[in-house]
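Presented below are the structures under discussion, each in the form of structure tokens.
Same chain, two partners: chain A is paired with chain B first, then with chain C.
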Partner chain A sequence: MAETLLEVKDLAVKYKTDLETVFAVNGISFSLNKGETLGIVGETGAGKTTTALTILRLLPERVGVVGKGQVLFEGEDLLALPEHDMMKKRGDKISMIFQDPMTSLNPVHTIGGQIAEALRLHNEKNRTREQLEARVDEVLEMVGIPPSRKGDYPHQFSGGMKQRVVIAMALACEPDLLIADEPTTALDVTIQAQVLLLMRELRDRLQTAMILITHDLGVVAQMCDRVAVMYAGELVEKGTLADIFTGARHHPYTQGLFGSIPKLEDESKTLLHPIDGLMPDPTDLPEGCRFLPRCPHACEKCKEKQEDIALSPTHTARCHMLERKV
Partner chain B sequence: MEAMKSYASDGAITMKKPSQIKEIWRRFRKNKLAMAGLIVLSVMILAAVFAEQIGTYQSAIAMDVKNKLQNPSWQHIFGTDGYGRDLFIRCVHGGRVSLFIGFAASIAGMLCGGILGMISAYYGNKFDNAVMRTLDVFSAIPTILLALTLVAALGQGIVNIIVALVISRIPAFARIVRASTLGVVDQDYIEAARAGGTSDYHIMLKHIIPNIVGPLIVQTTMNVSSMILQTASLSFLGLGISAPRPEWGALISEAKEYIRIKPFMILFPGLCIILASASINLLGDGLRDALDPRLKS
Partner chain C sequence: MGASQPLLETRNLKKYFNTAAGKLHAVDDISVRIMRRETLGVVGESGCGKSTLGRTILRLIEPTDGAILFKGEDITRLKAAGMREMRMRMQIIFQDPYSSINPRMSVSEIIAEYMLFHKMYRTRAEAWNRTAQLMNTVGLARRLANAYPHELDGGRRQRIGIARALSMNPEFIVCDEPVSALDVSIQAQILNLLLELQREFGLTYLFITHDLSVVKHISDEIMVMYLGQCVEQAPADELFANPRHPYTKALLSAIPVPDISMRDREIVTIRGEVKSPINPGIGCRFAGRCEYALDRCLQADVPLVGLSEKHLCACVRAGEV
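Moving on, here comes the complex of A and B:
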């Protein structure tokens, strides 16, 4: 059995402002083994990015509040760690790739300088300047950028190249866990394929565990070992890639997600089946099942609090209807 | 684009680009007025630096009553003042004081106000509110009045004048830096830097400052001229540099007694002030256009 790297237990996060309280994440639990890739899928506003930021403890100060729960990284609760120790973990043990490569590089520094800085911050091996430079070359080579371009500024690169640089920065210290927050959303499809291929190669080579946040099920199918479907701050369904993509029974929301993807083999010119309605207002979530107002199978029992139903040893879904059929 | 594409031997495309500073200098050079400002200011700074070689400080303050109130001549190109002192040498030595105070007060004000503004924008919330409201109170008092009060309280002398001017300038700088920092601090690369384990201090030093330094240089430069004018005003009011040390404002103040019979006495130090502040402003304008070409319409 593989070793558990990250375990999130019953995590709840809310954003408090003067006017309202937004319940962004409401009691989610998942675990991630070493070298494994977990995909978190869900609509905009489902709380995916909030989950990622909470793991890194980068929630906006005073506004973002962790209500309850634990984030155990190698057995250590990150949420209880002093800020200084957390700072050492960021970038070294846990890295993050942000959505938009256009803005996640500092325009006034050369890319070589920015990668070197990431290395210098966690310079435990006390590398000299030359060794750092050599490592920068190596990392750039790894992501397929000629090291001769390390003296260039971000504006001299295209979007795909910039995302490669961002990946190089995130992987420079060979972290144990990489959180990729929609790493390909800002890129066009061909570049997206290249970047995903690169990420997969590097993940396999460096044995990095990865949390891939996306709303693109195609990306999940290519990259992930396990999938978690997030809706309104809850994980409505969790399972292996096969469980989610080829399993027979699903949470109605997951069904809805798959129903809204066009199918290549489907010749009948039927329309897509989008999920009706909108995400519930996160300041005022419905009681019981969060998906209730949009669910085609809604019934009285949905108004009660839902429990995770095990469909197989690896597959759970949070819907009472799945219980009946067992 | 001046960047030249060349193919290196390994087949990779490398860009041969002019360095940032060269590029800024190239844009700056195109601006004739700014170049004129730079030249005039350089001459004045050189004269101030080598004032002792042009005429010793002793000769600038030693009285020679026999030769008092002479018109400009080859011997005394600006003429002499009421005590027979050569006005040209006094202007040169006065420039030493005026320019030094101008630059020192601007740079010190930029540093104090800048650090305050950046920290308050970076940490935000209550701290930001406390700092900015305090500064609002300061900026409600007219600059010259505040400086006058401070000099009156601290006593005369170059250092005290600088302190007074710096304190009266801090709110303006803090506000400028705070505004530019707010524009940078929400950027993704700051978040990314934080996710990479960068400390707050490091983020401010390495990521925020380089992004706001352009407008700051321009503001600091422009500010030098108003600092020179303020120093002159203080001296004119008798609260600046104490006699017999010459200073442009003090020279005008001394000359006003003779304005009816020897108007040139007030003209030359006045010209010095006008030339210095005008050339600094032109230089600042040119710098702004050169540092941020987007601003130019």
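Moving on, here comes the complex of A and C:
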């Protein structure tokens, strides 16, 4: 049995302001084994990034509130840790790659300095300055940037190169868990292919577990072992890559998502099968199944609270219609 | 000419921008022909000049050189008044539905604006009727007529942009990345809408995008651009089945396919990054990243040659690659 690294149990997060309460994440549970890659797929506003920020405890102060649930990392509840202990984990054990490499680097520090910062803060081995610099060179080389460029500033790099710098920063301390939030969305396809290939190689070499957040099912198919489909703050379907991509029975939202992407094997100028309507307003979610207003198969029973239905030992979907034996 | 006359044609269209460092070749010698009721898809990575091409065709940016023929008439020679008339027949849908509509106007005001400006109807009441009809056509609920853009999501805003373009009863629409800012489920709704409108009103599109699966889906013909130049052009299915230019091949192989059987296929990643479009010099602009490059690729410009009647490619080794 593979060892569990991260376990999220019944997590709920809301954003509270004076005017309204946004229910961003509504009771999600998932687990991740060591060395495994989980893809979280969903559209804008589904709660993907909020989930990531909660794991790292980076939610905006006062506004972002964890309603319930636990985030167990190596058996320890991160949500209960004092801030000081959490700082030791962040960047060292768990690190994150943000979507936009243009804004996640500090424009007034050299990239070498920014990579060294994480190393200096988590310097348990008491490495000397020279040893730290040597490590910076090493990680830059690892992501394919000549170490001679470590004195350059972010604006001297292109988008793809900046994302490599961000990856180097995230991997400098060899974390056990890497959370990548739309790491290639801002990049062109050919650069995206380079970055994905690099991430795959490094992950395999360093045996890092990864949570990959994306809206691109193509990226998921190439990178992940397991997939969770998120909609309106809930995980509506979970399973292995094969369960989600080739399995016979799916949550209607997953079906809609697959129907919406233009497929290369289709003749050109054929109509797609989109999902009607829009995501529900997260300040005012529908009762029962969140997908009810857009679902082509909606019925009375959908208004009740939905439970996860096991379709196979690895595959669950939150839709009562799948209870019937097909 | 009759039936074989293209609705829109560009001949050696060029747009150079003057910069401190030299001349930026945004659009360099582009010749295209788009037949009525057809869609030409333009793909390329950021900075390849595809948006500049779209805007230059509508003369939102004045071309440096070359001709733009709409039904055989060279519109680069038109004066302001003539161009104003012409723009009723040629419209554009912009990429970002957040910045391309006026936040201080209501939905119906935005859609009616062009019609009122061009005095298309004798009374305002007629214009409002037409607005209601257009909202219906693009799938906007009547109750949103008095809503403001900030109350709407990206998909609905893009529908406003489409309704505004349709209000002129155009024959030709430049769609500049109309779905790039949208989520997949909304993107599919808008793509279907554009296809349906094309069938219903006999529209002709120039469809600009960086998304290869989208371009395959909507186009009859596809042009691949690299640093201001067309490197390959072919019917959509042919281009995907039989790409000949090394850049097109790399581009197609880089698409992440949502199919797990494709997971372990080899990806042809191309080395390096796009070079600067400022003073690009002679020779093939892709040569620096190309694994098939020869000395002669850099000695002279590589012309676009026909591999078959409809398949054009600008590569000295197109036959062997």
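Just so it is clear, the second predicted complex is superposed on the first by the 323 of 326 C-alpha atoms of A that agree within 3 Å, B and C clash if a C-alpha of one lies under 4 Å from a C-alpha of the other, contacts with A are read in each partner's own complex, and residues count from 1 in each chain.
As a convention for this text, contacts are C-beta pairs under 8 Å (C-beta built on N, C-alpha and C of every residue); 3 or more make two chains touch, one makes a residue touch a chain.
Quantities reported herein were computed from a predicted structural model and do not represent experimental measurements.
For the composite obtained by overlaying on chain A, chain B and chain C can both be accommodated side by side without a clash.
More chain A residues lie in contact with C than with the other chain of the pair chain B and chain C.
Measuring from the middle, so to speak, at the Cα centre of chain A, the directions to chain B and chain C differ by 80 degrees in steps of 10.
Once the two complexes are overlaid on the shared chain, A:His273 sits against chain C while remaining clear of chain B. Contacts of A:Leu105 after superposition: chain B is touched, whereas chain C is not reached. In the superposition on chain A, no contact is made by A:Asn126 with either chain B or chain C. Contacts of A:Asp188 after superposition: chain C is touched, whereas chain B is not reached. Put simply, the nearest alpha carbons of chain B and chain C end up 8 Å apart when the two models share chain A. The contact sets of chain A with chain B and with chain C never meet. Of all the residues in chain A, the ones that touch chain C in their complex are 43-44, 158, 160-161, 188-194, 196-197, 215-222, 241-242, 245-246, 256-264, 266-276, 278. Touching chain A in their complex are the following residues of chain B: 8, 10, 12-15, 17, 125, 187-189, 191-199, 202, 206-207, 210-211.
Residues 56, 58, 61-62, 87-92, 95-96, 98-100, 103-109, 117-118, 121-122, 146, 148-149, 152, 156, 166, 169-170 of chain A touch chain B in their complex.
Residues of chain C that touch chain A in their complex: 39, 45-46, 153, 155, 183-189, 191-192, 195-196, 210, 212-214, 216-220, 236-237, 240, 250-251, 253-260, 262-263, 267, 269-270, 273.
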